[in-house]
Amino acid sequence: MDERYKRALETVAKINGPGSDRIAEALDEIAPDFHRLVMSFAYGDLNSRPQLDLKSREIANIAALTAMGNARPQLEAHIIGGLNIGLAREEIVEIIMQMAAYAGIPAALNGLMAARKAFQTFDAKAR
Amino acid sequence: MDERYKRALETVAKINGPGSDRIAEALDEIAPDFHRLVMSFAYGDLNSRPQLDLKSREIANIAALTAMGNARPQLEAHIIGGLNIGLAREEIVEIIMQMAAYAGIPAALNGLMAARKAFQTFDAKAR
Amino acid sequence: MDERYKRALETVAKINGPGSDRIAEALDEIAPDFHRLVMSFAYGDLNSRPQLDLKSREIANIAALTAMGNARPQLEAHIIGGLNIGLAREEIVEIIMQMAAYAGIPAALNGLMAARKAFQTFDAKAR
Amino acid sequence: MDERYKRALETVAKINGPGSDRIAEALDEIAPDFHRLVMSFAYGDLNSRPQLDLKSREIANIAALTAMGNARPQLEAHIIGGLNIGLAREEIVEIIMQMAAYAGIPAALNGLMAARKAFQTFDAKAR
Amino acid sequence: MDERYKRALETVAKINGPGSDRIAEALDEIAPDFHRLVMSFAYGDLNSRPQLDLKSREIANIAALTAMGNARPQLEAHIIGGLNIGLAREEIVEIIMQMAAYAGIPAALNGLMAARKAFQTFDAKAR
Amino acid sequence: MDERYKRALETVAKINGPGSDRIAEALDEIAPDFHRLVMSFAYGDLNSRPQLDLKSREIANIAALTAMGNARPQLEAHIIGGLNIGLAREEIVEIIMQMAAYAGIPAALNGLMAARKAFQTFDAKAR
């Protein structure tokens, strides 16, 4: 296993905990190389860099995905990742609320609905 | 002066320092109420809430504006705001770089060009 | 109750009729302040201004939400709002059709599907 | 000359007045058919339909182009078109301001800067 | 039947095969003219032009719809169209994967999920 | 030099010819690692894969960047890359024209303006 992918898996483990392989499985069928390529880039090359802590990185990711408004599954995943890495629910809600000023109220509203769903998923796993 | 606007001006002062009134002046000509309305919302209602520190808020704002890719003047302003509030240049660069994974490499590249420009503006003011 | 929120509720009542509190309830759980903040801004500060009639404002809102293409629930809500405020179905359909030229045919097609759904919701309520 | 293009030119004349051929000339060099194809679609097929008046159509166009935030030259052209078709400056400003709620404050701010520029172009032509 | 619409139907037949009239039916209810107008433009005016082969056009369409990320039904339809016109599944997957670099990993991931669904629809029809 | 970066440089050389290092230099000042990271991903991991030829990849890239409409410098670069890899000007123009149907006429118009500029840059270099 090469360095980047190893580093990616370590970073992903901090964010997601074990067992978030459902997307990897779905991709396996049609694009078997894709998961490794993008994990290596997103987590091996970028999110794992020491110049910025993971908490700040998840703030950035949640903000951007809320603002873009066309990546609901990834937004939910990063909200759960934010909880895993130590962001408080209240902080996540603030980040998303704030996007109302920069990307419009619908983007923030839909982001909050994603947060509500992600918090429920997180709680269901915790049980 | 109402509470929200006062709170907005206080928050803006922390982020921008004095004297960022050029946009306000340009707006005055055609939309004299707009500046106050949106400042009150963005800074009086949202950015000033105590549930999240200003540093985290600027991380979110820089990430979102980079990802959206259609708000260059606002991105530069928030990069300068980030420096004023205590983000290191290296941290700002990391936030923008990371957007390559979420919003594509062109968005990150253009964001870095905005940062380069904003850093120069910041340095010119500091002199 | 402060002025802005009062004005917001009055404007919302004209557009939505009574009883569109389902979103407010969903938000209450995780972001209890958000509904009031954004209603005060969108309806108290902006949509209620006398410089432009509500009909024209709903035309603008429907056009923008269709063009952005990532805010389906809000688009449906504003289509129903448009009907409440006196836009004809035919006019709403024209606004959305026209977006094909400015935001592409998929945006217009998906907007028309939202209109079809919103018209059905409106008819179901009317019964 | 076919029906659609004739209808397009008539509608364009109402909106733009004579002489907005600079884009057509620039296109001629590399895509000589494009101007006619898209004019026929946007103005012959859509904007000229009798089901909605041109004023309402320009409200929709200005709102959408402001919200999308990546079509500055077209936004300026439609603001001038709006003035030609009888929208007041104040109304145009309201439409754009309102986009702050739906597409974010930066989109509205940049839209207002486009309006300021378009009003100047309009005044320069009028002299 | 006019020339453009005839040409549109011929081009659509090459891409979609017979029987993709479900959207047309849904539109009929509320916007009976729309289907013909946009088919004539997209397929009669543009996709049928001899300067570029249909295979290249479907590559462009799949790439753009993946990158935009807000037109899932149209993306699935064009993936099936790509298969009908002779693109290999592997090629379609590559186009979508590549969008990770230009529009971000979430856009590519969601595009691959659309491809997976479209391939299943295609196989179900083939049976 | 690792495998990916070597593969990236080889692929970039096919597309850009020698000497497109101006962006790399601008980045060097503030984000010295970024150029290599993203080149390795975009060209080492994705564009160089044998499953799809470079011509098809450039069609996809030009289409996507036109449709997104917020990455003008990258669009111009990929239009020049398309010429280098063997796309005819007429084909590039067709790809961009076609985006009018999928992303709206303004996106296509602005894309054609980028093509006009890129063709001029290409011709100036050729002299």
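Each chain gets a letter, A, B, C, D, E and F, in the order it is written, and its residues are counted from 1.
In the analysis below, contacts are C-beta pairs under 8 Å (C-beta built on N, C-alpha and C of every residue); 3 or more make two chains touch, one makes a residue touch a chain.
In this text the structure is predicted, and so the values were computed from the model without any measurement.
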Chains touching both subunit B and subunit C, listed by label = A, D, E, F
Task = For the copies subunit C and subunit D, give the interface type as same if over half of its residue numbers appear on both sides, and as different if under half do.
result = same
Inquiry  = With centres defined as the mean C-alpha position, give me the subunit A-subunit D separation in Å.
reply    = 39
Query = How far is the middle of subunit A from the middle of subunit C, if each middle is the mean of its Cα atoms, in Å?
reply = 30
Inquiry  = Going by the contact rule already set, what residues in subunit B reach two or more other chains?
reply    = 37-38, 41-42, 46, 65, 67-71, 74, 93, 97, 99-107
Inquiry  = Help me check something: in the complex, which residues belonging to subunit B touch subunit D?
reply    = 23, 26-27, 29-31, 34, 37-38, 41-42, 65, 68-71, 73-74
Ask   = Can you list the residues on subunit F that touch subunit C in the complex?
value = 67, 99-107
Request  = Note which residues of subunit F are touching subunit E in the complex, please.
outcome  = 38, 41-42, 46-47, 49, 51-52, 56-57, 59-68, 71, 74, 90-91, 93-95, 97-103
Note = subunit A residues touching subunit F in their complex are 37, 40-41, 45-46
Ask   = For subunit C, which residues count as touching subunit E in their complex?
value = 68-70, 89, 93, 96-97, 100, 104-110, 112-113, 115-116, 119
